[in-house]
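Going by the order they are written in, the chains are A, B and C; count residues from 1 in each one.
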Amino acid sequence: MALLEIHQLTKRFGGLLAVNEVSFQVEPGQIKAVIGPNGAGKTTLFNMISGTFPASSGTVFFKGRGLKGKKPFQVATLGMARTFQNIKMFSGMTALENVMVGRHVLSKAGFTASMFRMPWTWKEEKDIRGKSMELLALLEIEEHAHTDAQSLAFGQQRAVEFARALAVEPSLLLLDEPAAGLNMYETAEVARLITKIRDFGVTVLLVEHDMSLVMDISDEIVVLCFGEKIAEDTPASIQKNQEVIQIYLGEDRPC
Amino acid sequence: MTIELLIQYLMAGITYGSIYAIVAIGFNIIYNTTGIINFAQGEFVMFGGMIAISLLQFMPLPLAIVLAVLLTMLIGALIEICFIRWLKSPSVLRMVIITIGISILSREAAVHIWGESIRSLPYFVGNEISSVSVLGARVSPQVFWVVAACALMVLFLGIFFKTTSVGREMRACASNPRAATLCGINTRNMVTLSFVLSAGIGAFAGCVMSPITYSQYDMGTGLAVKGFTVAILGGLGSSGGAVAAGLLLGIIEAFSVSVVPLAFQDAIAIGILLIILFVRPQGLFGSKEAAGLSEF
Amino acid sequence: MKNLLTILPLLAVVILVHYLTSATDTMYYLTQLTMSAYYALLIIGLCVLMGYAGQISLGHAGFFAIGGYLSASLTTHNLIPYQDNALLAFLESSGMLVSGHDLYGEALLVVSPWAACLVAVSSAAVIAYFIGIPVLKLKGHYLAMATLGFGIIIYRIVLALEYFGEADGISEVPAFVLLPGLSVSGNFSDRVQNYYIAWGVLLFAMVLLLNLIDSRVGRALRGIHGSEEAADAMGVNTSRFKLQTFVLSAVFAAIAGVFLTHYNGGIGPSEAGVMKSVRYVAIVAVGGMAHLWGTLLMGVVLTFLSLRGVFGSYDDAVFGIVLILIMLFAPNGILSLNIRHRIKTIFGRGKKRREEEV
């Protein structure tokens, strides 16, 4: 069974059809990419999957469950974590604390327990801290654990954001343009980290602009154009796909 | 309820409603150009009335009112120049707190200048007991002054924004400040101007209402909350909506006197505000998309 | 544990102040210090709401008033005329009522302070909960106005209802006997005792909040403040956490109201006024919003000065000016880490320059 199944997902903004009946599946263990030119509806699609806003029609199934009406925090609880195009670090918190927030759904200390430091929360707190350090180590930024997250370099912030999302222990990780704003060297680093995350056992769905990143690491690619899916295939076949080439080379043929 | 009483309530409602509408339009003018809700809006009304009362000792009433309005406009300009102009993209919370601070300072200044006593301007025509008969109900002539003044201001603003080039430039700033700047409009001056305008109409309202509602140093907060209620009710930024919503709130309040004790009259307006905020934050007459676009 | 230790120096200061005042024969300061401690209790609660959950409230004097007024009215209104009521009989048999005699020797039956306190604080919590559900959906100006509106409604209610003493408020509120021999009251003989009760309560609350900030809940709250969208994506139920924080801060305000009312022996409508709410917000802003220690310090210092009448008739004006100046020039508070950070960068720069020269 597919981990994520998107079925005829559609989004209308007034008269604009941002996403039109898009369907595809993400198999466990894959890195799947969604590409397309600007305004193709990639981010809209992403926001519908993660529950930021509802779809006009169509459904998203995650682990066989419909996500209709689920808010982002509920989707996260089900095991789907995401990152943001313009990295949203928690300001005023260290890198470690940022990652520790990611452990939220896997811990349970509430207001009273936290205020009175109930003995059972001690262990929980220790586990959260230990696990978060492990993840920072996995993403190779443990030396910056106690630095204010917002003062880190952009590429490092991206790594902290990955660690934070992984702290949710997701079965599916959504990455929204992970290479946005990064230079070539940093992009290569991010590519390496993404494959590392996949090898760690997390399925990845990413939306991306940067072709080099997508072609190198993806197992399968979905191409969107003006809200419609025009191709879905392996990177090698996508590179040979006439229609895709025309879109990207800008020939005057509307898709 | 007799027809006379009904008209009496209705006229009272329209009087207060027009004033609320003017305060709401004051909110709107500043909100449109800056995205700020000026919590000190009620203080402009207070200043208008209080300054006119003080000036009356030295000059005739019409001159006192004109001068009071001009002085309040100056205060508005000073407030903007001192506290708002040089802030670079301040957060909403910061602006809320700053304008609240300005409102406190204005009130404290007023209490030290004029004391806590309740004052009022004389009736423009006749006195407290003179009245005009409307369908058998006795209505103070001042009521017509208030309504006419408010109508005039709405008309004036409408013409100002539609036909004059400064008015058009202000509208351009409201819809897209950056594009307006690129077209060579000095956005900052437009913001100052919006404070001046909004202070001016507030002060004028403060003068015409003073004979009926009296003026006191602490009248601002109550007016601000009600004016804000009306601005929200009518859809933030819309003048026509503000007039309709102002009259609606005024009339509801006036009639509520026959049902609940006077002391709870304010509670009713605020109750309406809370309900509107929860149920229809875009206002009765606003569209949902417009509300979604404004940054909150 | 760590937070308990950080409180110890402050506890030492509290004891030191007591000895200083008794040595210099200025024990009358203790009265205002006691009152400041209760106001500070409200203010640190508000600090968590504003600084950490990022929600402004211009209605916290309302919660203070709910606590103070309910406990004052319940412990002073004579229930003798309703004595035959079955509910009252039940309450009396369960020890919730106390009987005694008033100044003129008439029989008096009132709710016991403990029961009244419980009712007052839980009412504030329930009201905060139901007000909070819709209010906290709002943001920015809307939230500010809605909470301001709530504050005004409470003010109007206490001013309009005879039960709450209208413009006179409620006086002759009895002492609140916490434990035998330990009571919250304005009696001259209990002054030192009350100083320690107030500061004990404040410090205990401070430990609780410090614990809270440095925990799963605290991180979630700071996350919401940092980026609500990202916190949401991490599985934080943002609206529930905001609501719980709102209720928590309302409870702190109500407890402050209950204790201060028993200490002063009464409460008046000015405690519910909008100016009070604005003042609390001002102090939190001065303290640096997300800065419990700064807020605690500023809360005690500013309310103490205000209660001593240092600002004279310019009391409100001072708070207005402070509010504006802080927001204009130091939106992160005067005690914000900025100073330390700035010093660091100055030194850091100097070091770098030297390295470059080398």
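By our rule, a contact is a pair of C-beta atoms (placed from the backbone, for glycine too) under 8 Å apart; a residue touches a chain by one contact, two chains touch by 3 or more.
Quick caveat: nothing in here was measured; it's all calculated off a predicted structure.
Participant: Find the chain most remote from chain A, comparing centres computed as mean CA coordinates.
Facilitator: The chain lying farthest from chain A is B.
Participant: Report the chain ID whose CA centroid sits closest to the centroid of the full protein CA set.
Facilitator: Of the chains present, the most centrally placed is C.
Participant: Distance from the CA centroid of chain A to that of chain B, rounded to the nearest Å?
Facilitator: 49
Participant: As a quick test, compute the distance in whole Å between the mean CA positions of chain A and chain C.
Facilitator: Distance between chain centres: 42 Å.
Participant: Please report how many Å separate the Cα centroid of chain B from that of chain C, as a whole number.
Facilitator: Chain B and chain C have C-alpha centres separated by 34 Å.
Participant: Going by the touch rule set out above, which residues of chain B reach two or more other chains?
Facilitator: There are none in chain B.
Participant: In the complex of these two chains, what residues of chain C are touching chain B?
Facilitator: Contacts found on chain C: 56, 58, 134-135, 137-142, 144-146, 148-150, 152-153, 156-157, 159-160, 274-275, 278, 281-282, 285, 313-314, 316-317, 319-321, 323-324, 327-328, 331.
Participant: Using the touch definition from the top, list the residues of chain B that touch chain C in their complex.
Facilitator: 37, 39, 83, 87, 90-94, 96-98, 100-102, 104-105, 107-109, 112, 221-222, 225, 228, 232, 261, 263-264, 266-267, 270-271, 273-274, 277-278, 281, 295-296
Participant: Quick check on the complex: what are the chain C residues that touch chain A?
Facilitator: 1, 208-209, 211-212, 215-220, 222-223, 225-227, 229-238, 244, 248, 290
Participant: Quick one: in the complex, what on chain A touches chain C?
Facilitator: That would be residues 50, 52, 71-73, 76-77, 81-82, 84, 88-93, 97-98, 100-105, 107-111, 114-117, 121, 124-125, 128, 164-165, 167-168 of chain A.
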